[in-house]
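The next block holds one structure in the form of structure tokens; read it before the comments.
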Amino acid sequence: MTTQLVLRFRAPDRPGIMGIIAPLLANHGCDVRGAEVYGDEGTGGFFCRMVLSCPTGRDELAAVIEPAARQLSLEWELRDLGTKMKVLIAVSKFGHCLVDLIHKREIGQLPIDIVGVVSNHEAMRKTVDWHGLPYHHLPMDQGKPAQEAAFLSLIEKTGAELTVLARYMQILSDEFSAQLSGRCINIHHSFLPSFKGAKPYHQAHARGVKLIGATAHFVTPDLDEGPIIEQDVRRVTHAVTADEMVAIGREIEASVLSRAVRWQAEHRIFQNGNKTVVLSSI
Amino acid sequence: MTTQLVLRFRAPDRPGIMGIIAPLLANHGCDVRGAEVYGDEGTGGFFCRMVLSCPTGRDELAAVIEPAARQLSLEWELRDLGTKMKVLIAVSKFGHCLVDLIHKREIGQLPIDIVGVVSNHEAMRKTVDWHGLPYHHLPMDQGKPAQEAAFLSLIEKTGAELTVLARYMQILSDEFSAQLSGRCINIHHSFLPSFKGAKPYHQAHARGVKLIGATAHFVTPDLDEGPIIEQDVRRVTHAVTADEMVAIGREIEASVLSRAVRWQAEHRIFQNGNKTVVLSSI
Amino acid sequence: MTTQLVLRFRAPDRPGIMGIIAPLLANHGCDVRGAEVYGDEGTGGFFCRMVLSCPTGRDELAAVIEPAARQLSLEWELRDLGTKMKVLIAVSKFGHCLVDLIHKREIGQLPIDIVGVVSNHEAMRKTVDWHGLPYHHLPMDQGKPAQEAAFLSLIEKTGAELTVLARYMQILSDEFSAQLSGRCINIHHSFLPSFKGAKPYHQAHARGVKLIGATAHFVTPDLDEGPIIEQDVRRVTHAVTADEMVAIGREIEASVLSRAVRWQAEHRIFQNGNKTVVLSSI
Amino acid sequence: MTTQLVLRFRAPDRPGIMGIIAPLLANHGCDVRGAEVYGDEGTGGFFCRMVLSCPTGRDELAAVIEPAARQLSLEWELRDLGTKMKVLIAVSKFGHCLVDLIHKREIGQLPIDIVGVVSNHEAMRKTVDWHGLPYHHLPMDQGKPAQEAAFLSLIEKTGAELTVLARYMQILSDEFSAQLSGRCINIHHSFLPSFKGAKPYHQAHARGVKLIGATAHFVTPDLDEGPIIEQDVRRVTHAVTADEMVAIGREIEASVLSRAVRWQAEHRIFQNGNKTVVLSSI
């Protein structure tokens, strides 16, 4: 009976971290199934993610790591891969990303527990109801401060560790963004940093680009400027209209967003200044 | 004995153009081997490119088309695919695009006739000499106006129909750009409109994008704003340094630029306002 | 008031076809909005697809074309883009392609009319019911001949012009395949011709390929040998398990299949021997 | 003054390996700059590659590791990244991969030392001479056994650690392949396992695939069946002829092969049965 755990940490880079951590794990009987370590020259950050087969539960190993982690100034987490990440999804009127996330969770392809769906519209209620998920209509007519307060309280109540803006077409206040720092992922429907702001496919069409894309990023107070997690593109021609770009783009958006959510749920992503480190080996 | 010709034209869109042109071609005994026609809703432009097997030479067919073309207000060209486009290549110190274009021409993969290489440096002379091509060193220390005058006079003397800026690291004057409008292609080492200007890979690295790219575009007085012909991208990770992006990018640049040059040499590209129409069927 | 029509035809290649057809269209007042023409050197086939703005309905134009088409031995169709193609979808237990097709139709992204869903299992009934589509359970325990007879009779009754095998895990009889020739599209979960037959992702994993893919093709009596319509791939590493390939592959399958279905619904695809010609300009 | 080293090893998987190795490195003053570890469920193999900043030279650290490595049954190597891998390139008549490898080495993009070029033809002599590299013409008319003996003796004399078959159009004998096991990379001009054997682009054209590709793999006695290192594809249409596929494919071949060679020169690749593990973090 072993537990599958992820140990992940970051630290100011200095020699010897692995020399202290690795023997602790070995002495505890842990088997390293996969690991990736990255020392960033730019920021001097040291990032590590390990998948461990552990003969005990999470807490026993955590107790072993804790003193060393403190001594080494690690920011660390030890996560049980058997426990799914709680995710709250926000959506407005376009359901393609939401439908994709729900479907992938239902067929066991996304290790998340969707604790609810928030929307400033009623458009997606029927779909969400049918999948047996709680739907929270938080209309904007109560004013943004009240609406965001209700949103935050919902995050707290549901215990959501991750909030996913799955084409949620509201600009968040700085306070809201700041409070969700590192635990809120947005999908922007362009290949950032091109075409920030509204109607990016129409901007792309007007500029005549030959590839269109989508970008999943952490939400920060700077709109469309947060650390990029994942991007992808698809080829278009002069004959593709702006509306057809919107249609083609939906598939890219859903695909990119679901990858970002999966990586976060698998504890692969670190923020590194305004960039991300995604450790992806098993 | 047939001649392979390309007939291409653009016109203000109005019904009946094909109804007049097609019988002319048929009566002349031409066989349409492939064709693409595109009516642009945005600009109202009508674009057509046909590959014809023609029982006569180019000029006999041109004489047949001319009156109709005048009546229909066509901007048209009739090109013999047996005649290679004359191309002048400009380069500074980085030779990867130049080497790629020369190699592809030598193995018969690019239907161009390289009439010479222009550079503001001596770095590529040895390579160009070895391939038996004329090398023209046009240093900048004579001042930009004199240098550009020499450049233009070279274009005229060589009869170059296309000037390719294959990593030519000089900002062209508005006058120079304007004079080469529609017959000068540049490779920009980013996925435009992201990362205009200098050191785009370093900009991309700083922003933390997950894909880097390159863009071939027609040169216009607005730097990095010309009509986009072709783009491509390659995936990178957090672990790829700015210098490694430069290295990865070289391959994308050479590939994208050579496609743009080939399409131009095959008479596929139309400027359509600040965009391009690339008709690519055979 | 104009009608948007697609005129498509194929013919044994011979000069002059466009010279006869184009004036007919012009005299009828049709405006060519886009067209692609392809003469295949290998088979000698000549393929054409045009999008027309027509001042009359479909039938009036058809009457004009008919005599010329007969004289030129064209295999031709004239389709009204306002009339959606009737599509019957077959599925077994995996719903990802089905869900994707239904969603894309619901948001207006696929010009099809789903006339029903056929399955040899009950697994997808609940989903299909909820979307208000007829579900036909045709179990295999009645024997393949009876089941296929029921399937064919359903195609006839519903008037389906296209049958889509959206992960329908049954090998069709030669007779069934032959009867649906040219109007039945299958998605195979590998990059054909690699990994024909069962469990292709497990075959791909065993071989250690670095890209996995999916293939949409017309169904023919030769299993997995039909004319390929569309393919796509996604990068994998050594660390991706066969089960994870299955998961990654679902997205490729849904994407590739929906493109093939859209192209068929837009009357773009021609069979050309054991290959396809896909004319894709607008 | 630090040395940049790569420590790589494989072992039968068992817990505790990192717990023994990591402290040795730490005590020696090594700083782990990046690492990737992979435990393969299928074969039970454990693979590790680390980039180390080491305060001593390679040999001092090797002496420290050696006893532990023996005890743990590691197959291991410790490589100095300052020492370029010696590479011998074999070519026949098509020079695109050769030219690409030479160019990338010349601009510092490939950490290899090209010790010579072998060919069964004279076609590439002029090019190779010009780049100042030794050219060895080993014609086949002496018979394959004699030719291969000369080839092997050249590998030995030059000290080549890697032999690259850069479109070397000779089938190697089983003995030759076996002797170069793990240190000979071939580029096959198809997306394996599709289209093994001769004229793969013509096979691809005949089958009507919509993507063509290339595959770099280790050479084994089973032709085109060796462990795959890297693959890539490019989109084609029905209108692309077999000859045009050959042309498009050249770029994919050169790109894929140069990546495989770089990874090998950076000590990233492990054979794992008939598959490869490519550890790619920094």
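Some points to look at:
In this document, chain identifiers A, B, C and D correspond to the written order of the chains, with residue numbering beginning at 1 in each.
Rule of thumb we're sticking to: contacts are C-beta pairs under 8 Å (C-beta built on N, C-alpha and C of every residue); 3 or more make two chains touch, one makes a residue touch a chain.
Predicted, not measured: the structure shown is a model, and the values here were computed from it.
Seen from the Cα centre of chain C, the chain whose own Cα centre is farthest off is D. Averaging C-alpha coordinates per chain places the centre of chain B 36 Å away from that of chain C. Chain A and chain B have Cα centroids lying 41 Å from one another. Shown for chain D are the residues that touch two or more other chains, namely 34, 38, 239, 281-282. Shown here, the protein chains touch in all possible pairs. Residue ranges on chain B touching chain C, taken from their complex, read 13-27, 29-39, 50, 53, 235, 279, 281-282. Those residues of chain B lying in contact with chain A across their complex are 38, 40-41, 191-195, 207-211, 213, 227-233, 237-239, 241, 272, 274-278. Taken in their complex, chain C has these residues touching chain A: 34, 94-96, 99, 103, 107, 109, 130, 239, 247, 250-251, 255, 258, 281-282.
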